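Submitted below is the structure of interest, expressed as structure tokens.
Think of it as A, B, C and D in the order they're written, each chain with its own count starting at 1.
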Amino acid sequence: MAIELRGIDKRFGAVHANKHIDLKVARQSIHGIVGENGAGKSTLMSILYGFYEADDGDIFVGGQKVSIRSSNDAIAHGIGMVHQHFMLVDNFTVIENVMLGAEGAALLQAGREKVRKDLKHLSETYGLTVDPDAIVSELSVGLQQRVEILKALYRGADILILDEPTGVLTPEEADNLFKILRQLRDQGKTILLITHKLREIMAVTDEVSVMRRGAMVATLQTADTNPSEIAEQMVGRRVLLEVDKGEAKPGEAALEVRNLTVTDKFGVDRVKNVSFDVRRGEIVGIAGVSGNGQSELLEAVSGIVPPSAGSVVINGKTLSRTGDPAEARHLGMGHVPEDRLRMGLVKSFEENENAVLGYHDHDDIGGKFVLDVDAVRDHAKAHIEKYDIRPPNCRLKTANFSGGNQQKIVIAREMEQDPDVLLVGQPTRGVDIGAIEFIHKQLIAMRDAGKAVLLVSVELDEIFGLSDRILVMCGGEIVGERMPQDTDENEIGLMMAGIDGAANQGQAVEAAQ
Amino acid sequence: DDINPAIVYDVGGRFDESFNQSAYTGAERFSEETGIEYADFEIQNDAQRAQALRNFARRGLNPIIAIGFLHATAVETVAAEFPDTQFAIVDSVVDLPNVRSILFKEHEGSYLVGILAAMASETGTVGFVGGMDIPLISAFQCGYAQGAVSADEDVEVVWAMTGTTPAAWNDPVRGGEITQSHISSGADVVFHAAGGTGIGVLQAAADAGVLGIGVDSNQNGLHPGSVLTSMLKRVDVAVYDYFSDAMETGGDVEDGIVVLGLAEGAVGWADDDNNAALISDEMRVAVDEAAQAIASGEVVVHDYRSDSTCPIE
Amino acid sequence: MSRGELPRWVDFGLIPLLNLAAAFLVAGLVVIAVGENPLEAVELMLFGAFGYGEGLGFTLYYATNFIFTGLAVAVAFHAGLFNIGGEGQAYVAGLGVALVCLFMDTLVPWWITAPFAIMAGAAFGAFWAFVPGYLQAKRGSHIVITTIMFNFIAAALMTYMLVNVFRQPGSMAPESRTFEEGGRIPRIDWFFDWFGMNLGGAQTNISLFLALIMAFLVWVLVWRTRLGYRMRTLGQNPTAAVYAGMRPPRLIMIAMAISGGLAGMMAINEIMGVHGRLILEFAGGAGFVGIAVALMGRAHPIGIVLAALLFGALYQGGAELAFSMPSITRDMIIAIQGLVILFAGALEGLFRPAIVGFFNALYDRRKVREASAAAGQAAE
Amino acid sequence: MESFQSFILLLDSTVRLSMPLLFAALAGLYSERSGIFDIGLEGKMLAAAFAAAAIGAVTGNVWLGLGAAILVSVLLALVHGFACITARGNQIVSGVAINFLAAGLTALIGHAYFQRGGRTPGLDDEARFTPITWLGAESLQDVPIIGPIYFDLISGHNLLVYIGFLAVPVTWFVVFRTRFGLRLRAVGENPAAVDTAGISVTLMRYQAVIICGMLCGLAGAYLSTAQSASFVPNMSAGKGFIALAALIFAKWKPVPVLYACLLFGFLEALGIVLQGRDLPLIGEVPVQIVQALPYILTVVLLAGFIGRADPPKAGGVPYVKER
């Protein structure tokens, strides 16, 4: 056994995040851990890494009982961790980040050279290549994650924990990561992999443990199980993974985007002269490797960032170029943002206060100045009821809801305003299967109710499952348009990667005219 | 029958080695000689000025003397509230039947130290550092300049005020810097009328090996040999006399404006063994003559406060 | 109440009291160090602050200032802004109040002057806070530092005005002329008479009620208006604020202006109520005390009023102390303030963990009891 | 020549006046780089000034005075540290508290002990840092140009001044070239990263505030035992805040801090020279404007030319793992 946990128990104030957890991880294996949002995966791993201290329970490394009171101890026992939320110093170079805490000497010079050498070595052995002198904040998330892995390896970890590493990766990047993980395992390292994506579990793990509501419910040999069994264990009931939906009956265009260009503060065009339509009663999916302008596109269309050129027309009315989400909403656009915690919610608010975020100036919840809290709470209660948000308490702090339920709060809010145009970004990122199923159903329902839905997702199966039309974005441009029935994941994948995308340039525009 | 007098100091506090301390000395002397206890208080903010006076008055303390012109408004209010209590204020005029307003002819004392400064100076340049920029301090400066010129008509007087708020009474560092700039422009005697700021003035003068002149109390002892003399403003006399009057008259002192000058021996220059070596006989003669002339009225020192101008630029 | 959460009475009652106790414990040690009897001191203080009409009057007079400055800090807090410029804002507001009074006092009765003076004071204070708000919103400069800078700039400005503009010919004190009746708001002797107390010389005036009204309005603003909702959103998550179509720059400026306006109203108490003229440094540190008041009061108006009362008592009781205990100078009061701010403000979380632990223990015990009870029933 | 001489003297006075700012600003640099904001520089400076003057007056020994200053200042820094790091209190508030505490206690104790209304007795030379005249300064004094520069500007300052100037390159090296510096900068930007790297955030921050305390100690000692010869209540008179301004003005970088402090020192010196002076053409400059200039300038520059001065990202927020 590389790792054995016995009776690990952890509470965060009100939340009982880990309930008497037992776990065995064999040496030289890739061990997956799955579970719904808030099941306690990150917490368990953070305890193993000494980031949190368990209230109770024992940790054994290589059969020896060890006490891990700080990350330092964990590192000393050869444990390394790539956190769900990266632990990097943004304004440091890659080298500085890697050497932090393992500088070697009191002066930095010597350490720098060593790191440079080792990084070169590591990149050769595992193909983990990054520019050692790049400033981390200027690297893509994929590369930042690489830096995290390098940090662990540089410290000579032979037990590597990765907490939802693929959440931020494109399929290609993910596959590449798995290659690396297999290599690492074959070279004798033990890997703990947390993820929500059963596809990945099946793809790389040797064993998989399932957590539910803070408890460890099962540990299975990946070889002799299947996704639905795991899913069942996770949510405690059977779920259907593929979306079933009827024919789309597109009407006239409700959202018209014309020659939209978005320039970031460094003067770089993140979205280049993009044009397309979304018609009533259809779901248009935008596929693309994250960081290819989808986020910027969404933000521009929803009025959060002013475009540098082009226009957005909602229900025939043109959005003023100054960028005002309030205006967009008033023209009938709803927006489920990509990053609910950063943008879509105020975690410290009561649930009901979040239920009106963005619609706080509507006439039905108060007068010109006053806000009618009772009206607000009634709205919230209605949402909770209809969308089965748990726990069903609109006075609870939003932070105390798990990821999936937080996402439901946002979705409920945006859908219940009955918008004509709905922008949806990564609706199921970090959301558990039960919630995914529910959210997909709702999106289809919107479509069938004659709404125009624009879906941005890095999950190809999601794109294929939901979209009636697929636009592929690469390098800030729409490199092509496909109907889901006459294409497949490979072609889209290639287009996303920009390979032979050129051929299809401008199709979208034509389609629009 | 005994009186129970009270004294309210200004922000500088009872031990400012200057103005308030001089008042403190007077009060101490009084209680030593008569054995009569007195109450006192150092105010901490403007709201307390009236509060303190009122507090004393209510406790039946009488007479009550307020040190410093900043008390004027408070005395005005409280004296009106307690017509049977005797009040006095130093350095300002409050026109009420039960208030004695005590003013000093600082310009006369300053005139004398001006003479000494001019005579002691070898560079022919003397300096003045004022505290807060108010007519009172301009009177010091103007009297000093007149005295200096009277002793040496082509003496140059360089001067500066520390500031325009009460903070200017309490900024030795600034005082030191000003003094250094005076010295660098040739002054080898520097007179301060700047309360706590003056500590820095005298220090800087001593450090630079030139002469300083103290004010209010006798400050010769702060840097023996480096303080030419001190312009004495005998607030102690004023306080002592006021309390004594009150005792003799059984708390029924005569009020109105009292102006104390050389003639009353309420201003003058400090002459002790700390500065004995610095004062030549010739200087002593000159300054004594001037003192008599002023006391007898044959020489009149212009008071800046009378018309806000000074005969000397 | 679930595990790990504290009942409100603990959160808003017990903990602040514990902090306070700690502060006074240390203060007591200091008192002993200077050779006085702390218990006696406390007694004198309490008596001085509450024991008789005038004392209570002064306590309320100081409290009035602290309510205004405390509310000012709190409003900015809720919008995620740290306004430590209350001092300067109040100081500059004095200018506005004084100007109105100087113009109107001879012409009209006070109750006509007052509304204008209040508006002028609020406006000047608002402006003095708006500028840092603007600089933060549009120019990205650091609000804490700008407000600090503005305190000093205000001091210079006011000195200049008092010395070169308002000072009376002949008068040596840099202060404006004293207002006539039309420029002074009435004391509240009648109010004290109700309780059979005598206000004595304390200048407690109707601005106290203004302060209480403002406290209520602030509550409404923060928790019952759209603007308040916006400010809180901005304060808790600026990105979400943008997403929600709010305009942070504008909200920042509005919040700061309101904050400054509240601080500014303190000038009504000092200028129209107490001094009847514009004087140097009348704000006297109240702007800074407001920070502690807002913190102790958990940025909630009720808490703020209570905290303000405490600090008012500290000021007044402290002054009394200085009268009757010679070796305890005015500086003792400043030191005690420091201690209170430290324990009640910065060390506010000192005892929390222990208390939370205690309540968790209680909670678990109850759970167990319930469980066994349930089991017992099951058995029958 | 005349004007040149007076200009040199202005610069000379600038050096003297910027020293306390420099020490305090560097102190703030360590603290704030570690993520602990410190508006209590003022108070620490004041307390240190008192300690130096009081102990100096009692023992007549400048070094004991300096030691006491550093000790007291570090103690206050530890109070701040405890409040902000261990108790996770509000850093601004803690700073305000420290300022009140120092202002009150110094005067209180000073009064109780020396009976001079909070003042300490004047110090004689053994208890002060006195000017050091450099080799051949006198002889060169009368050489035009270089003479005054060497004699007035370079030579003839007290030891602390030279230490102050030395502290700048040292700080630069420590912050950007050493392991400690790397961790210091990291802990101010992203403490979680430091924590997961196996370094104690708490320890790092305590080290930082202690260094901050030491430097404030020097600043205070300079005020009361080098720049003047006794302690006066509230003698720091807002210098701690100007230092803070200088620090932000310099974007938390050592060398720019030096320039900022010299600039503000220069303005103060200028203010003193211009006090009540009539300038050709302009006439009398209201001194308040000159006095307010450092603050106005900071505001203007912060707002306009140097745009956003980004503080360390984790600055001002206590490091909390468990919500």
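Following the convention adopted for this analysis, a contact is a pair of C-beta atoms (placed from the backbone, for glycine too) under 8 Å apart; a residue touches a chain by one contact, two chains touch by 3 or more.
Not measured: the values here are computed from a predicted model.
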Chain whose mean Cα position lies farthest from chain A: B
Rounded Å distance between chain B and chain C, as computed from the means of their C-alpha atoms: 40
Distance between chain centroids, defined by C-alpha means - chain A, chain C (Å): 45
Inter-chain centre distance, chain B versus chain D - centres from mean C-alpha coordinates, in Å: 35
Between chain A and chain B, centroid-to-centroid distance (C-alpha), Å: 77
Multi-chain contact sites of chain B, meaning residues that touch two or more partners: 42, 133, 164
Shared interface positions of chain A, touching two or more other chains: 12-13
Multi-chain contact sites of chain D, meaning residues that touch two or more partners: 111, 118, 233, 288
Pairs of chains satisfying the touch condition: A-C, A-D, B-C, B-D, C-D
Residue numbers on chain C that touch chain A, as the complex places them: 2-5, 220, 223-230, 232-233, 236-237, 239-240, 242-246, 356
Interfacial residue positions of chain B with respect to chain D in the complex: 12-17, 20, 42, 133, 160-164, 167, 170-174, 176-178, 180-181, 184-185, 196, 199-200, 203, 207, 222-223
Complex interface listing, chain C residues touching chain D: 30, 33-35, 82, 84, 135, 139-142, 144-146, 148-150, 152-153, 156-157, 159-160, 163-164, 288, 291-292, 295, 327-329, 331-339, 341-342, 345-350
Residues of chain D touching chain B in the complex: 5-6, 9, 13, 16-17, 111, 115-119, 122, 130, 223, 227-230, 232-235, 237, 269, 272-273, 275-277, 287-288
Residues of chain A defined as touching chain D within the complex: 12-13, 49, 51-52, 70-72, 74-76, 81, 83, 87-92, 96-97, 99-103, 105-109, 111, 151, 399
